[in-house]
Amino acid sequence: MNAPELPGIQLFGHGLVELAIGTAMYVVGFAMLLALWRLLRGPTVPDRILALDTLNVTAIAELMLLGMHLRTAIYFEAALIIAMLGFVSTVVLSKYVIRRDIVE
Amino acid sequence: MNVFWELLLVALLFVGSFFILMGGIGVVKLSEFFRRLHAPTKASTLGVGCVLAASVGYHLFVGSDPQPRELLITAFLLITAPISAHLMSKAALSLRMDEWPQLPGRSEEDTHVPPRPDGGDDESY
Amino acid sequence: MDHLAILPILLPLLGGALSLFVERRRVGTVVQRSVAWVFMLATLLASILLVARANEGSILVYLVGDWPARIGVALMVDRLSALMVLATSLLGVACLLHACSGWDRRAPHFHALFQLQLMGLNGAFLTGDIFNLFVFFEVMLIASYGLLLSGGRGVRMSAGLHYVAFNIAASTLFLVALGLVYGVFGTLNMAEISVRIAELPEATLLLAKATIGLLLVVFCAKAALLPLYLWLPEAYTRAPAAVAALFAIMTKVGIYAVLRISSLMLGDGAGAMAGYGWEWMLPAAVGGLALATLGVLAASRLRVLVAYVVLVSATTLFIAFGLRSAGTVAAGLYYLVHSTFVAAALFLIADLVRRGRGDAGDALRAFAPAPGVRVMAGVMFMVGAVSVAGLPPLSGFIGKTMLLQAIPETDVQWAWPAILGSSMLVIVGLTRAGTRIFWKPAPVQPMPPDAGPRSAPGSLRLPETVATMLLLSYGVAMAVVPGPVTAYTRATAEQLLAPSTYVDQVRAALPQRRLP
Amino acid sequence: MEMAIASGIGVLVFAGVYLILRARSFDVILGLTLLSYATNLLIFSSGRLVVGKPPVLQPGMEATLANHTDPLPQALVLTAIVISFAMTAVMIVLAIRSRADNDSDHVDAGDVRDDREDR
Amino acid sequence: MNLRRFLPSLPLTLAIMAFWLLMVSEINAAQVTLALILGLVIPLYATRIDREFARIGSLRPLPRFFMVLLWDILLSNVRVARQVLGPEARIHSGFIWYPLEIDNIHGITALACCITLTPGTVTAALSDDRRFLLVHVFDISDEAGLVADIKSKYERPLMEVFP
Amino acid sequence: MLELMLALPFVLALVLAILRDAPARAVAWLAGLAPLLALAVLVWLTPAVMGGEIPRAMHEWLPQAGLAFSLRLDGLGWMFSLMVLGIGALVVLYAHYYLGPQEKTRRFFCFLLIFMGSMLGMVLSGNLLLTVVFWELTSISSFLLIGFWFHRDDAREGARMALTITAAGGLALLGGVVLIGRVVGSYELDAVLAAGDAIRAHELYPWILGLVLAGVFTKSAQFPFHFWLPHAMAAPTPVSAYLHSATMVKAGVFLLARLHPALAGTDLFFYVVSTVGAITLLIGAWNAIFQHDMKGVLAYSTISHLGLITLLLGLSTPMAVVAAMFHILNHATFKASLFMAAGIIDHETGTRDMRRLGGLRRLMPYTSALAIIASLAMAGIPLLNGFLSKEMFFAQALEIEGHEAMRVFVSIAAFLFATFGVAYSMRFVHDTFLGRGPRAVEHEVHEPPRFMQVPVAILVVTCVAVGIAPQWTVGPALRTAARGVLGDALPDYSLAVWHGINTPLLMSLGGVVCGILLYLGLNRVLDLHAIVRQSQGRKLFHLNIEALFRLGRRFTHTVANGSMQRSLLWLVLVAIAAGAAPFIAAWGEPRHETVFIGQPMVRLAWVLWLLLVACALGTLALYRHRLLAVLVMGGCGLAVSMTFIGLSAPDLALTQLLVELVTVALMLLGLHYLPKDSPRPRSMPRRVRDAAVALVAGAGTAGLAWAMMTRPAANAVAAEITARALPEAWGSNIVNVILVDFRSFDTLAEITVFGIAGLAVHAMLRHARMAPEKVMPGPPIKLPVPADLAQMMFPLTLVVSIFLFLRGHNSPGGGFIAGLTLAVPLLIQYVIQGAASVESRFGFDYIRAIGLGLLVALAGGAGAMLFDMPFLSTGHYDLELPLLGTIPLASALVFDLGVYLVVFGSTMLILSMMGTLRPSKRMIAHRGIIDPATRSAITGEAA
């Protein structure tokens, strides 16, 4: 993604941090793909739930990295929501596996 | 000073992404559910924590959003990760995965919950 | 500031919201009904005023939020919108009256859903923005799901499933089309789209055609054009009477939208797009007319028959509008209004019959309804059937005659046989239904023990009768004094065929406070 | 990039359409959900694909489309998401009611045509 | 006048205020006022959800406790990372029943959290009588040592905080 | 005056309909009043009409369509009015005695008067469209009359048959009339009659003629539509006497006469009308011989006589027209009296079957005498009126010029007509009144009440009077009527009984002789009584109608079989067609070079693409295992959200994420009550077909999307919105500004949708009792640790929700997102603590929250109306507060608050309704209790 040209770039003139951010994005993206593999592969239901949960967590990291990359805080709310409520699907799915009835 | 912070941020990013990757690798590589369950805890604690710290620092110095509120994300993760883990393991336990396919490196006792030391009967999982 | 244009939307919304506060049993039926009626009548009044205003010839533009139409949402009241809104309100009065004979107490949230359904219908008719049209379609649809399913059970649920799933799929398609509309034209205001279509670059033409094609498919699906009509018979058949009657206008919304689109975007000023789509819709309409007519013949229950009659009228309308002359469009509009009322009345009568006949329901078996219901229901059925079959001297005849007169010379060869032949078979079907239901006396079976919350057979409740007669009397009035109506529809048709006024008025509408 | 989004939409539509043509109510619900993803993406992409220019005005940045992506499709998608969510809820409830009342989750359960007597 | 009715939980009120101010990242009169209002109003509703009330004791051990926890997390992360990357055959995973001494529900929860957040251990269940935690351990080498470790490092300090 | 005359029957019908408890005599009097008073009016107008004037009345009805309420009384109309009213009055008198006390007399007379009025209206109408109106009214009212004894199968069938045939004819007539209107430019009769040459010369003339004749032939029971008439005999006899002698069936020939000046005079007219008339004449007469039912004989005889009239009108010479007019009158009188006589006999003996009758001459001498005289008139015996018109017919047949074959054919037909006529009249007389009998009759047979015979007597006397002294009796009337058709170009003719011995007279005599011989021969050789002739027409009609119904049923059951899959398949197919059609149509045409604007893939796009595609396909692959499908679809949702984020749409991403969470919860709540998996679909071809359709749909959508994206955007509107958002709507988050300001009207409707969804779900589940698909054994699970954590988190989530709400106008967030952020944590409480526990502590009336939200949103929008601004106009105010400083307030916030409330209320209503379904009374679960040991770890479900 093309970072907007911003005046504040002098502070980190070496581009090292930018390089690190970019690399981290790839690495985290790769982690997402690994989780995806588990999501599709299974074999058990809890495995898939776990994979989805892992996807959520990696997505938070990815969002933060994207925010750094684009130098914007606009993704804060999204990351906050995933962190705060992303586990709901994990909880709900697990509860379904345990009891079938998620609201008892 | 600048270089120090710069290197710190790079280090944080490196550590963070490394552990997140570990989480991913763990989820794929490990042979059995309960072992895999350990992976995302790593990712969500140290991995995401480091990235968030890096993010706070970066925004602080770049000046795009010089506020530490992203720490709240970590706070929420620290609360929710145990809930998820707890429920997922309960789900796995409730399935008593007896007919799991035999995976390499898996020892027999993995799937069995040992009896409670006091002999109490616990069916709640 | 003149808020008349938005009142038919806001009043039912307010009524619906307030209804939620008086639903508790302890509040009492009287209060609930009073709220419903106050807003219903207020809406009726507003729509009458709206028609009066529209009849002055100018187009009323209401800029919601005081933004110019291109960036905000504008309501547009031309003759067509006003006519549809008035028809909705008139229909609503009768349906509400019918529901007040008891259904409103058995179906949870009936009054709220009813008001919101009116809101959706009126919104769909009044809006000048195509995305807003989608949203009001959804209001209308989801309220119809609620009305259809509230208090229902059993087969109504699976019929409802079909209806809901089909409509959701159609709405999804609507969204796809809307995405393309914005992607191609860069605006959502229908008048603006009309302008852009005229200036469309050659390279975008095919995409624009596909876009408009998809839009038309959506509207045809709502209007139940061949082959997208399969959802209709069951849904309309299974709905409670008052709701089915209200549904009589639902297919008309689709037709309205087709008419609006073809007026604004496929009119003579649309260049390469002029008339696009009709070469498919017309044959589909003729085929649909044939199948719907066969459906009338095949129907083994009165409500199914009426549902197919709705289809017959819908397809006839497509033919009328598809010929795109002022005469046919005017005749079509007259026919549209008439058929809405009559079909609604027939649904109410079918319900009366169903209730009056115990376990025979409304099956077209030789098995007459209870004596208490038979005469009244029979007379009303007679009037409705005569009207809907296009027999003199009622409104159907007038509509049909005007349509026959207006059909252009070149199209007479296929259009006349289609329309007259279908009329003929509809008469056969209606005659059979009528003779089987009202003319075969047999001992009325006792009510089965699990007949549910129906009233005892043979009783005729006053609101039901009055509601049905009210609907029939609309048609009779349209036949006795057709002049004003036909003059209005004629002017409407001319307005539709010359959309430039519409476009100009929208573009000229100025916000009050802001820059244009 | 356009190709990626378009093909993503295509795959979603493929899966969604196949599923809505299944005979069980829940499959249809799944299909409709996939289709709603597809439509959301499609409407969204009608504003064209722009990276890193959210339509949130920042001080010091001029309010033009050079700095911000087209906000209108986003508002439309928001509305579409909400509506399709509402529809999904109704559909799910309807599916369970139909299954409970008609003893089957087949989409044509309850033998809708109970008019056979007159054949 | 019942203070409890209007101020069900002072820590909660303070936490909310802090949370709000951190979130808006502004400290001025208006925001503080708003934070105060929220801090007063939200608990009135939020505490209705609460099922169990438990006492809170001394907060003194907390700073040290957090340092220990952070350090443990770091260390065990590295250890587990090595194990993940290495051959799996050498790892012996398994469940252990961890006997609880603490009976304050907040304390149990906090302990369960600590166990889960520390890589290598996951709390899988709490027995119905709340006397045992079922813990899955990634690599059991010394079961008794692990239990003792948890007891001393986490449970004891937590028992002070949540008596 | 004409209006009055026409109104009388209708008004009195209305009076009868209203008077519920009137005694029978009063009802009859009221009914009789209509024709009598109308007759008085007619008599009053007669001098004028005979003087050549045409009284008129004209009222506008629908000028745009050329439909006017225009009446005119010319000679033709006068004659028919006379018949309609005169015979009508007699029929009323007769019916009063005919109908028993248990019959619904009031209804009968009501229908009869409506019919009378319709008939009158038709003959008086001066506008062709009005003629059609009354024409169809006669069909409808005759339907009611024929089916008056609707408990009888034959009555119902006869009525339906009559209506079907005549209404079809009516529709054809309507077509013909509209065509005439197109040619002439007016529907006014005067204009049409004056434009005869134009019509005949017009290229549409064959169509006009065909359609009009279709109407005429059906109504007047001409071949091949004649078969309905005998079945209409199921009607009460007064109806037959009225409709099937004098009025209804005469409507056709009336119209033929009416339009004679406009349509006649071409070879086409001549050949078609004469031929059909001749064929009908023969078929009717021949069949009449073989009927056993008295009314059957009369019906076929009527068909035959109508054929004669048609034939005469087809011949078109002035003299033929006069003869036709004359025969119309004659036939009406003798046939009406015969029907009445038949009715009397039926009434007194209980049967109309001539095989059981006979010798009535002894039992009912007076009635027999009258009937025999009328029969002789029917047979065309001299000194009776039938003879005169028959003679005129013979003369015309022999005088046909220029069409030699036709002359021979018609002359032979005429002779056969006379022969058969004598034969069936003889049979009628012989079998009923002479010979032995009656046999197997239930009643004791005697004369009917005197007043029942009066109408018959009057009619028979008329027959005789006309037959003996035509010039004095019927002369002026006939002249008047003929002038109505022919104008002033009346031929010279003499209405004498004796014209000397000429060919027609010889033909008559020959006919009589041959007829007698034929009857005797048939009776001797074949035994007439044993011959059972079935109506082929009826069988054919039945077959056709049944085939039609069968066709309808087959088509409908095959096509619209109620299958939802089919509905959806068609929708997809049509959409594919619509999307592809323009491109297919333009295939091979020169392409206009388009500049495609594409962008390279950016970082991570591949990851998201893979995530999206893999999860979509994964859902598809796993769809039969529902839990797994839901799970994998969660990945799709995440991918879509991330895509939104990557492509600059944080608000969308937030919304999608939250909706995703709730959707998953809803699906799982639903799954509890649904089977755990879908059965494997059986039909492989079907799967392949669906996959192919889906593939095409997917490819098509992708293609359209791609084409759209790669074209330059036309986003002037977006630019304007972006530029005006902050200065004029005071918000930095443009998406939220659009939602609560630019397009807030969409949002208002959208939250209405959302609120209704909640209400609909509530309505569907409130009274429902449900059994889950399968249940797990044991008590509800307790989750103290997660519960404690969730409890700690809850207040914080409330804070986040309020944060998102308040900040939404300037950064991602807003009412909708905030509402869901409030609802989802509450959902977690439901899941972890259980519904009962939460609702007992956190009782909340979600329905009112929805209502309140709508009201608040409305108030937020309507506030502007107080300032005379349009609905939903926003205002902005900087509130200066001591200590706190400036607080910016946008009125859009109020609107957004409404959104917030509705979203929260509705989401929670749905979730709580689904979470707290009441258990079924009958069963715990559909498929029983799950054995934990049998659960599969792969699918999470019991095997």
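We call the chains A, B, C, D, E and F, going by the order they appear; numbering starts again at 1 in every chain.
Throughout what follows, a residue touches a chain if its C-beta (ideal position, glycine included) is under 8 Å from a C-beta of that chain, and two chains touch if they have at least 3 such contacts.
A quick note: this is a predicted structure, and the numbers were derived from the prediction, not measured.
With contact taken as defined at the outset, chain B and chain F are each touched by A, E. More contacting C-beta pairs link the chains of A-F than the other of the two pairs A-F and E-F.
Relative to chain C, the most remote chain by averaged C-alpha coordinates is E.
Among the remaining chains, the Cα-based centre furthest from that of chain B is the centre of F.
For the pair chain C and chain F, the distance between mean C-alpha positions equals 16 Å. Each chain gets a centre from the mean of its Cα atoms; for chain A and chain D, those two points are 23 Å apart. The geometric centre of chain B is 57 Å away from that of chain C, both derived from CA atoms.
Counting partner chains per residue, chain F shows two or more touched chains at residues 553, 557, 562-564, 568, 572, 602, 630, 646, 650, 669, 671, 701, 705, 708-709, 713, 715, 717-718, 721, 742-743, 746, 750, 753, 756-757, 760, 764, 768, 781-782, 785-786, 789, 793, 796, 800, 811-812, 914, 937, 940. The residues of chain A that reach two or more other chains are 1-2, 30, 32-33, 43-46, 49, 72, 74, 80, 84, 86, 91, 93, 95, 97-98, listed in rising order.
Residue positions of chain C with contacts to 2 or more other chains are 131, 135, 138, 142, 145, 149, 153, 161-162, 165, 169, 176, 179-180, 183, 188, 234.
Listed by chain label, the pairs that touch are A-B, A-D, A-F, B-E, B-F, C-D, C-F, D-F, E-F.
Against chain D, the residues of chain F that register as touching in their complex are 553, 557, 561-565, 568-569, 572, 597-602, 605-606, 609, 612-613, 616-617, 619-620, 623, 626, 629-630, 633, 636-637, 640, 643-644, 646-652, 655-656, 659, 662-663, 666-667, 669-671, 673-675, 678-679, 681, 690-691, 693-695, 697-699, 701-703, 705-706, 708-710, 713, 715, 717-719, 721-723, 725-726, 732-735, 737-739, 742-743, 746-747, 750-751, 753-754, 756-758, 760-761, 764-765, 768, 770-771, 810-812, 816, 903, 906, 910, 913-914, 920.
Of all residues in chain D, those touching chain F in their complex are 1-30, 33-34, 37-38, 40-42, 44-58, 63-65, 68-72, 74-75, 77-79, 81-83, 85-90, 92-97, 99-100, 105, 107-108, 112-113, 119.
In the complex of the two chains, the chain A residues touching chain D come out as 1-4, 70, 72, 74. Residues of chain E touching chain F in their complex: 12, 15-16, 19-20, 23-24, 28-30, 33, 38, 42-43, 45-52, 105-106, 108-109, 112-113, 123, 126, 128, 130. Taken together, the chain F residues at the contact with chain E in this complex read 782, 784-785, 787-789, 791, 794-796, 798-800, 802-803, 807, 829, 833, 837-838, 841-842, 881, 883-885, 887.
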